[in-house]
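Both of the next two complexes hold subunit A, though its partner changes from subunit B to subunit C.
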Partner chain A sequence: MAAQAFAEAAVLSGHHAQAFPYFGAERRGAPVRAFARVDDAKITIKSQIYEPDLVVILDESLLEIDPVVDGLKAEGRAVVNTMKGPEELDLGVSVDCAAVDASIIALETIKAPIVNTAILGALARMTDLVTIEAVKQAISDRFGEKLGPQAAAANSLAAELAYQRAKVGRCKGERPIVQRKVWLPDWEKVPPGVVLAQDSVEGVAIGPGSSLTNFTGTWRTVTPRYLKEKCIRCLRCWFCCPEGCIKRQPDDYEKWDYRYCKGCGICSNVCPVQAIVMEKGVKEW
Partner chain B sequence: MVMKVLSADHAVAWGVRLARAEVVPAFPITPQTLIMELLAEFIYDGEMDADFIPAESEHSVMSVAVGASAGGVRTFTATSSQGLALMHEMLYAAPQTRLPIVMANVNRSLGAAAGIWAEHNDSMPERESGWLQVYVEDGQEALDMTIQAYRLAEDRRVLLPIMVCLDGFILSHTVERLELPDQRAVDDFLPKFAPQDVLDPEEPKTFNPIVPPEYAMEMRYQLDRAMDGASSVVAEVDSVFASSFGRSYGGLLEKYRMDDAEYALITLGTATSTARTIVDELRAAGKRAGLIKLRFMRPFPHEKLREACKGLKALGVFDRSVGFNRFGPVFTEVRNSLYDLKIPITDHIGGIGGRDVTLNDMRDIYAALERSTENGKVRPVTWHGLRGVQR
Partner chain C sequence: MSEEMATIKDMPNNDYFLSGHGACPGCGVAIAVKNIMRILGPDTTVYVPASCLIVFSALYPTSAFRNPFLFTAFENTGAVITGIKAAQRRRGVQGNVVGFAGDGGTFDIGLQAMSGAAERGEDVLYVCLDNEAYMNTGIQRSGATPFGAWTTTSPVGKVRQGKRQMKKDIMDIVIANQPAYAATLSIAHFSDFIKKVDKAKRMKGFRFLHVLTPCVPGWKTESIRSVELARLAVETGMWTLYEWEFGEARSTYRPKEMRPVTDYLMPQGRFRHMSKDDLNLLQRWLCEKWYYHYGHEVEQPVCHINHEEKPMHFDGDPLHGV
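This part shows the complex of A and B:
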């Protein structure tokens, strides 16, 4: 949505633009890439961008797991959602950078940690391809149509605040850019039928049993709390948990394996006696 | 005329709305989903006067479409990949019954290996179904062709269904600046659908009965001639559209910088856009490179293609699909058409399973074609972007 709204803002600012996402795993909060091109002429290229002029990083923690600044030109620029100032920030490449506390702004304005509109305000500070007015207009068009005028106003305000609060400076380029471990075999080395044995996992978790190493518990924003004294041992939660992270005890009471609990709330929903309540935040009991 | 920033999927939905389709049967599948979501919104909000009919499968979707079209109403549906495969049986009901259904197929690979990304292996096997097939390059063309598709399909000289094919994600989900045609201009371009024969209980007619060998062959030949005849209607519709809306796509194919070209590549869909950039680059360096954007796989532009390729010293074909046991389907059809022109033709397979088709892939292809003009050795089939040694 951020890339699309940026493209729209660029068009409203008098340019040609295109934007497109590249989806990997489909879940909310999963790392996702999106690309945008802006030009004064019609854009006749349909492929991903490998040497960006500008990188927008919506989640600072991505720097630890993904080479997000790979290919960024030496004279390139960056926009980062961070609590740090630009000079404290180390992207692994020293570039002009707008640092903004987009998560805080989002919580203040739209009351949710969704930063894709706030970050656009900071982007308008970093580039003259789009004006802040065009960004706010694009946000109103895109979000207003789907979520109504109130959401449009809150999201526009998020962009405006980010535009004002963004700090522009030069970030550090000291840390080594993290390289993701990838499994990219030659065609002859791909197992026929793509049948993967348990020990064939190399870099990517796709073989059987790989969900053991994939701690989906980091996804959750709410946590089920088990009130054992209310439990009637009907086992519905145990039966319905899609992650198998409710462990049935010998006496039929339950235990949670929070390493894998995504906080989906199904257990709480199926419980006939309200013995499972969902509490805000990532917790463990 | 209004300017909008839309994804190509949404552009198709706008085309359907402007064409005033009246029946929209639907079954969800990625990456077509955005089309049906927007159409459902249009219809629910009363901005489009149509029946949205959710069916239990794509097989049923096409059955509904066939029934609706036979009933004399403008019909639209959209699908991708496995959805198109599940429709396969019912696809055949439309052409021989001469029903001008318009369907968007958002190209996506067919599993296994399962994926949601662009590949042409879903629509290519349907070349023999009797449907017209057009492949579009950007959002504007997706919108314009959806409107043109109705005029083309409903022309009495054609009366055949048409598939508007667009690459999944890299086109379907790409937002671009485009012009939304004016409703009144579209109404003038596309008068109300007035079929000669309508399935109507008040005036009973038999549609599509069982056909013994005494007649089937003549019917098939009639269909073959209709498909062949559609070629000139494609060009006609393109020029009428151009005079109303100021945009021409060249009809069956578009020649890009082909004057005095020594070597050229044939592309479909989004690969065309990327190839244009490289042709411009090569031309700026004084090379005589050209590009042919093949728009229609059905009707296949045998004559136009021969005309466009005359004088070339080397020709490449970009296939975003695999024929297995060597050549891709586009290559096979192209070489068949150009057989006696004696141009060295090579096949270039890429973008399989949604692999990004990069500028460097295109540079490699054009470098190979240039080598080919100098009698250099070029593999008959090259997979671009493949890891490992090809043999």
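This part shows the complex of A and C:
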């Protein structure tokens, strides 16, 4: 939706633009990608973008797990949602960078950690392709149509605040870019009807139980804190945790495996004695 | 055989549906599947048709199930689990065969295969994970979508507001096939859930479990409320807990007084638009549903048809219901 709003803003600023998401399963909190392409002439190319001029990173923790700046041109630019200043950031390549704490802005304005509109304001600061007025207009059009005028106003305000608060600087390029594991067994290795046994091939776990290699803990924005002294060992949280990241101990007290916790908050909601409280941020105890 | 399970404390501590799957935070399907697999244990073969579950539990080439796991097409859950069981019989393998289908894969697309397996009395366990729409493909209406609910194919406009039909009673269709066991489950009624799954595990013949699994994006609610909503569904009568065995239905949980249906509808964005007429229509249908299920033998909880007016107002939050 942010990519579409950006493309719409570019059109309002007098350019040609296209926007499209990466084709794949989209789940709340899961890493997703979307692309936008802007030009002064009519755009006929239809492919994904492999060498972008500008990268927008909605979640700083993605830098640890995904090659988000892969292919970014040397003279490229970046917009990052972060609590740090641009000089403290390390993207893996040294580029001009706008840093903005879009999560805080989103919580202030739309009362939810949905940062896609706020980050568009910072994006307008970083590029002269779109003006902040065009961005606000595009957000109002796109969100007003789907969610009503109040949502449109709150989201426009988020973009405006991000435009004002974004800090522009040059980030560091020391971090090695994490490469995604490219290997997947193809149909010649695994034709239909063949069984995948529990195994690991070229560093990728396959077969039964191999999802344990997929750490979903980076999805969360709030973290449950367990107050053991209040716990009455009713095991409701253990039953209700969708991730199975609450581990039942032999004495029926609980232990959290924060590598997988997505921060849904169900455990704190079902606890009859408030022995679990949700705290903002990705933490571990 | 091991002792019968009655409460959470009796449940085995071993997980067979593991962490690291890609479900949305607060997914009701994940809660249901995780606990059913804990109770069924290691000697279980799992089949999943096209659904959310296949997408988030088996992102190629990984798998969140520690059990043997199979996937083919959308419409054939009943046929495939029949085939797996036949192969097990032939090779002398002991163990349960379970098929986890969604509501679309049971109510609509997979109905004929499910009905066939039930009629033949195959020795399999069929679990319907009912999140009341085709959530995996982006919230399209299914036979399980309740009256008035918004989906992308039952939109809200000037002419029609949400789905105009009542929810299909799949339990009735299953029961008409005379299965060995059929039961409705709720992820918020823990002991009831555990007892029914454990009972189904020990039986032979066609067993059908129907679980209400709240869906956070599809119901337009908050992830924290998944289990709470399943509880409210039972308290308001939108979901009735009963089991069917030896030719008769038995109520396993009876709320003292049915709460007004708006208590259940309010936290969900998909019902936000409902008019007063629609609310009264739904409430009247709910009050009559009890007699339809149990006859007059089990006394109906107090149910107020013309409940006090509780408008479904917009509370000022710009993300109300998102």
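Keep this in mind: the second predicted complex is superposed on the first by the 188 of 285 C-alpha atoms of A that agree within 3 Å, B and C clash if a C-alpha of one lies under 4 Å from a C-alpha of the other, contacts with A are read in each partner's own complex, and residues count from 1 in each chain.
Heads up, the rule we're going with is that contacts are C-beta pairs under 8 Å (C-beta built on N, C-alpha and C of every residue); 3 or more make two chains touch, one makes a residue touch a chain.
Small disclaimer: the values here were computed from a predicted structure and weren't measured.
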Practice task
Scan A:K84 for contacts with subunit B and subunit C and give back first, second, both or neither.
Solution key: neither
Handout entry: Partner chain in contact with A:A19 - subunit B first, subunit C second, else both or neither
Key = first
Completion exercise
Chosen between subunit B and subunit C, the partner touching more subunit A residues is C
Handout entry: subunit B versus subunit C as contact partner of A:V194, first or second or both or neither
Key = first
Exercise for the section: Have a look at where A:D186 lands relative to subunit B and subunit C in the superposition and call it first, second, both or neither. Expected result: first
Handout entry: First, second, both or neither for A:R165, with subunit B first and subunit C second
Key = neither
Handout entry: Partner chain(s) touched by A:V11 [first = subunit B, second = subunit C, both, neither]
Key = first
Practice task
Quick one: classify A:R225 as touching subunit B (first), subunit C (second), both or neither.
Solution key: neither
Problem - First (subunit B), second (subunit C), both or neither touched by A:S47 - result: first
Handout entry: Contact residues common to both interfaces of subunit A (with subunit B and with subunit C)
Key = 184-185
Fill in the blank from the handout: Residue positions on subunit C within touch of subunit A in the complex are 8-9, 11, 13, 15, 17-28, 30-31, 34-35, 55-57, 59-69, 187, 190, 216-217, 222-228, 316-319, 322
Completion exercise
Touching subunit B in the complex, subunit A uses residues 4, 7-8, 11, 16-23, 43-48, 50, 138, 184-189, 194
Fill in the blank from the handout: Note: in the complex, subunit A contacts subunit C through residues 25, 27-30, 110-112, 114, 147-148, 150-151, 153-155, 184-185, 190, 196, 204-216, 219-220, 234-236, 238-245, 248, 252, 257, 259-260, 262-266, 268-270, 278
Exercise for the section: Note which residues of subunit B are touching subunit A in the complex, please. Expected result: 3, 5, 7, 112-113, 116, 137-138, 167, 169-171, 173-177, 270-271, 273-274, 276-277, 280, 356-359, 386-389
